[in-house]
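This is the structure I have questions about; it appears just below.
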Amino acid sequence: MSSNTPLLDVSGLTKHFPVKGGFPIRRTIGAVQAVDGLDFQVAEGESLGLVGESGCGKSTTGRLITRLMEPTDGKISYRGQDITHATRKQLAPVRSEIQMIFQDPYASLNPRQTVGKIIAGPMEINEINPAGGREKRVRELLEIVGLNPEHYNRFPHEFSGGQRQRIGVARALALQPKLIVADEPVSALDVSIQAQVVNLLQKVQRDLGIAFVFIAHDLAVVRHFSQRVAVMYLGKIVEIADRDDLYGNPRHPYTRALLSAVPEATVEETPARERIRLQGDVPSPINPPSGCRFRTRCWKATEKCASEAPPLVQVEGNKAGHLTACHYPETAETVPAPRLAKDSEPAA
Amino acid sequence: MSTPFLSVRDLRVHFSTEDGVVKAVDGLSFDLEKGRTLGIVGESGSGKSVTNMAILGLHDPRNTTIDGAIVLEDKELITATEREMEQLRGNKMSMIFQDALASLSPYHTIGAQIGETYRKHTGVSKKEARARAVEMLRRVGIPQPDVRVDDYPHQFSGGMRQRAMIAMALVCDPELLIADEPTTALDVTVQAQIMDLLKDLQQEFGTAIIFITHDLGVIADVADDVLVMYGGRCVERGSKKEVLRAPRHPYTLGLLSSMPSLDGPVDVPLSPIPGSPPSLLNPPPGCRFHPRCAFADKVSGGLCSTERPALEVVDGRGSACHLTDEQKREWFADFAAARTN
Amino acid sequence: MFRFLVRRTLGAAVILLIISAIVFVLFYAAPRDPARIACGKVCTPETLALVRKNLGIDHSLPLQYWEWLKGLFVGRDYSSYGYCHAPCLGYSFQNREPVLSTILDRFPTTISLAIGSSVVFLVFGIGTGMLAAVKQGKALDKVASSASLIASSMQIYVVGVFATYLLVDQWQVLDRASYTPFTDNPAQWAQGLLVPWLVLSLIWTANYTRMTRSQMVESLSEDYVRTARAKGLSRRTVFFRFAWRGAMGPIVTIFGLDLGTLLGGAIITESTFSLQGLGMLSVKAVSTNDLPILLGVILVAAGAIVLFNIIVDSVYALIDPRVRLA
């Protein structure tokens, strides 16, 4: 990182959706605490992974960062500039630098527009005329994302799911962004296609130096793509660390349980990763549990967990930058060593 | 040799559409024994769901032609009458679906839906059916089953709905359970619960399970045997261990190498399979995988694009590929090595 | 449910209030002065003022509206006609009859027309629609679909005249349209209304056929219908207990709104068959600038629509447990 200012600095980010009710006059009687006090930074060219189960607030976070939603509280700074409540006009120059890629490659492209028009869209809106014209730029972009530049005049329905997601990537790249928020960009794709798109995004990140906030529920994909990973549970970050620390030395019980639940395509006589089975489902974000939100499903929970919300801090034994929000973090002894490569034997 | 519990022979399911005939399943054979779990893996359009809808006889006969043989114990299912099939469905064989919210009726309580199946096949009273529903909900781990039995599906969480769905499928102690991507819509922690539940129930009742999924990780967890489908055909079969450790078809190999893992190398790109799954309206000639196959041009005489490779099965192990065993040993090892480095 | 009803009733009252105010304003914005018309050919300013006072329109617009509104709840004293009890809708400018009794007099005709034709078009429309859905793509479906398309493009004043000519005049199989109160003679009531019922329902039947068919086709492709089949339930059970249940909601909704509209008076049908219902009354009120009658009819019509809206929402909640009334 060249300067000390991170590209994106989020502090205390909160989004509550009001719940209406009451009688005889309807009023706000509660709130869905979708995102509740997030702190994180994204450095230039870095990829931060946001993982968690449905309802943990990861998608809402993505929408807040891109200012598709208005935060209830907290602060979002982009390159030192406070954009939390920036107006449309103030936001305009920033908008072109922060782009988004969506999950559903079928729904996020206008079926009545040609691919050329879709990709040129952001340039038109921001009145940007690149040297050599927009069409030339679109062709370049198509080339970058691995599509035939001659397919400029085709419509989205003429492409397969994976190709459509490439179009989405090309559109996001049109304005030469500094930050891309990718919300489950590969989860709607077939397994064999997922890898194509992940590789493309990785190439884009490296070659063009674009920072990513990569939102996904698939822990293996996030591990492959992101240098730093934040695990979310019920609107809060429970653990954030460098990739190797998070996957190799998870300190939060939830992170550990999540990792142990991922089914892996390997066959072993004795499973290297012990299994932790969480009971029940994620509680409702309308009335989240007091104190630590994970306590209702945690095997270590005590009364302290119910009364006191654990802060997100560097717990004993962690490297700098590895923060965990837990009163009783896992210790090295309780965490099995990461499985070695020898477990997945080469094919006979 | 005794006859298998379920035997599917040369199954062909074709749909007539406005654009032509879709050959969704094109010559599929497999056997399944009681107490075993067969995992069927494939991407969208591979024909895995179509196969299982055919076993239950749920395809619309107006636009579907089904050929081949499906024999459950000694009953031929393709030629069975609708009435006979109704007796079997939900009773001797049942099915659970991916999206439990959409698959359960929003207009009836969970208890009514479970009890309805039971009443249909046993003719007991409403009261007994309700008691049975409570018992089933308890068995699949729903807390306070005697209260929740009167809830509607939308009042259940995602994981509980899938449990209710399983309770409904198992209410008549079926001998064959078809699970069509039952955990795909669920979070990993809940997915793990559901897979454990299915394994426990199978142990208890000796049910034969067909588990359809696109996720090889899920297969590794639940299946005994694996059948890999591509473009409406089986490309590889074998025990879970054989298929996952030593794949014999380039497609299986490609699937395995394209998956990111929790402990593999991170600084190298993944190895995707190029291209997209084939159109079933105009499938490629010869081996349907050949346009995407890294080895197709290494087979002499362009065999891959002209001749359909036969699936030869010895002791439940086989693959449909023109490569020789020798070639596979040599070339696949590189792939596997690249994956584990 | 109770909270919902209270809230919705309050909302309905507000809506009716706004509607009546709008009609009031629009009517006075019109160039014709009702007092002028009532005053007759020889009209001195003194007489005109007197007429205005008698008609109750001798104040400013807001004050007049207030008087009218007050009359609705506490009654009103008219100098020339005497006291009008609450709910007072005033007197007709035209024939000096109380508005309320005029409307009550006409309402049974409209109700009979609406209910009778509803029964016909619901039975035939939903029945044909279901059959078409079962025989999707087959000949029956195609015939039903095209027939309903033709029927829904028909006009009542054409079909009505034609039907009267053939069925009544030529073949003499049915009676000429007329209204006999149900309480007087139920048989004659039905006989007299049969032709209007059939003609009015022809077009509606077509709409309901198409709606039922498309709803059924959609709901037959739902996942839960497939599950029901996978449970071993027969096609018949699945069709009625699952698919129809899903299709019912939208149909009930549309029907509620349609019935509300019909109760406001089927103007064209009533004119075609010369039935003296609310529709005819409102036509006459408009052409004679009879504000009190017009206001009354519009309030009844709007009230019917608002009422059926509430009923529809309540029924929907009964059909679909996912709907929570709030």
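As written, the chains take the letters A, B and C, and residue 1 is the first residue of each chain.
By definition in this document, contacts are C-beta pairs under 8 Å (C-beta built on N, C-alpha and C of every residue); 3 or more make two chains touch, one makes a residue touch a chain.
Nothing here was measured: the structure is a model prediction, and the numbers come from that model.
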Let me spell it out: compute each chain's centre from its C-alpha atoms, then which one is farthest from subunit A's centre?
C
A-B versus B-C: which interface comes out with more C-beta contact pairs?
A-B
Go ahead and note the Å separation of the Cα centroids belonging to subunit B and subunit C.
55
Centre-of-Cα separation between subunit B and subunit A, whole angstrom
31
For the complex, which residues does subunit A have touching subunit B?
53-54, 160-163, 190-196, 198-199, 202-203, 217-221, 223-224, 243, 247, 257-259, 261-267, 273, 275, 277-282, 338-342, 344-348
Give every residue of subunit B touching subunit A within the complex, in rising order.
43-44, 157-160, 187-193, 195-196, 214-221, 240-241, 244-247, 253-256, 258-264, 266, 269-274, 276-277, 292, 329, 332-333, 335-337, 339-341
Please give the residue numbers of subunit B that touch subunit C in the complex, ascending.
56, 58, 62, 82, 86-91, 94-95, 97, 99, 102-107, 116-117, 120-121, 152, 154, 168
Residues on subunit C engaged by subunit B in the complex (per definition of touch):
136-137, 222-224, 226-235, 242, 245-246, 319-322
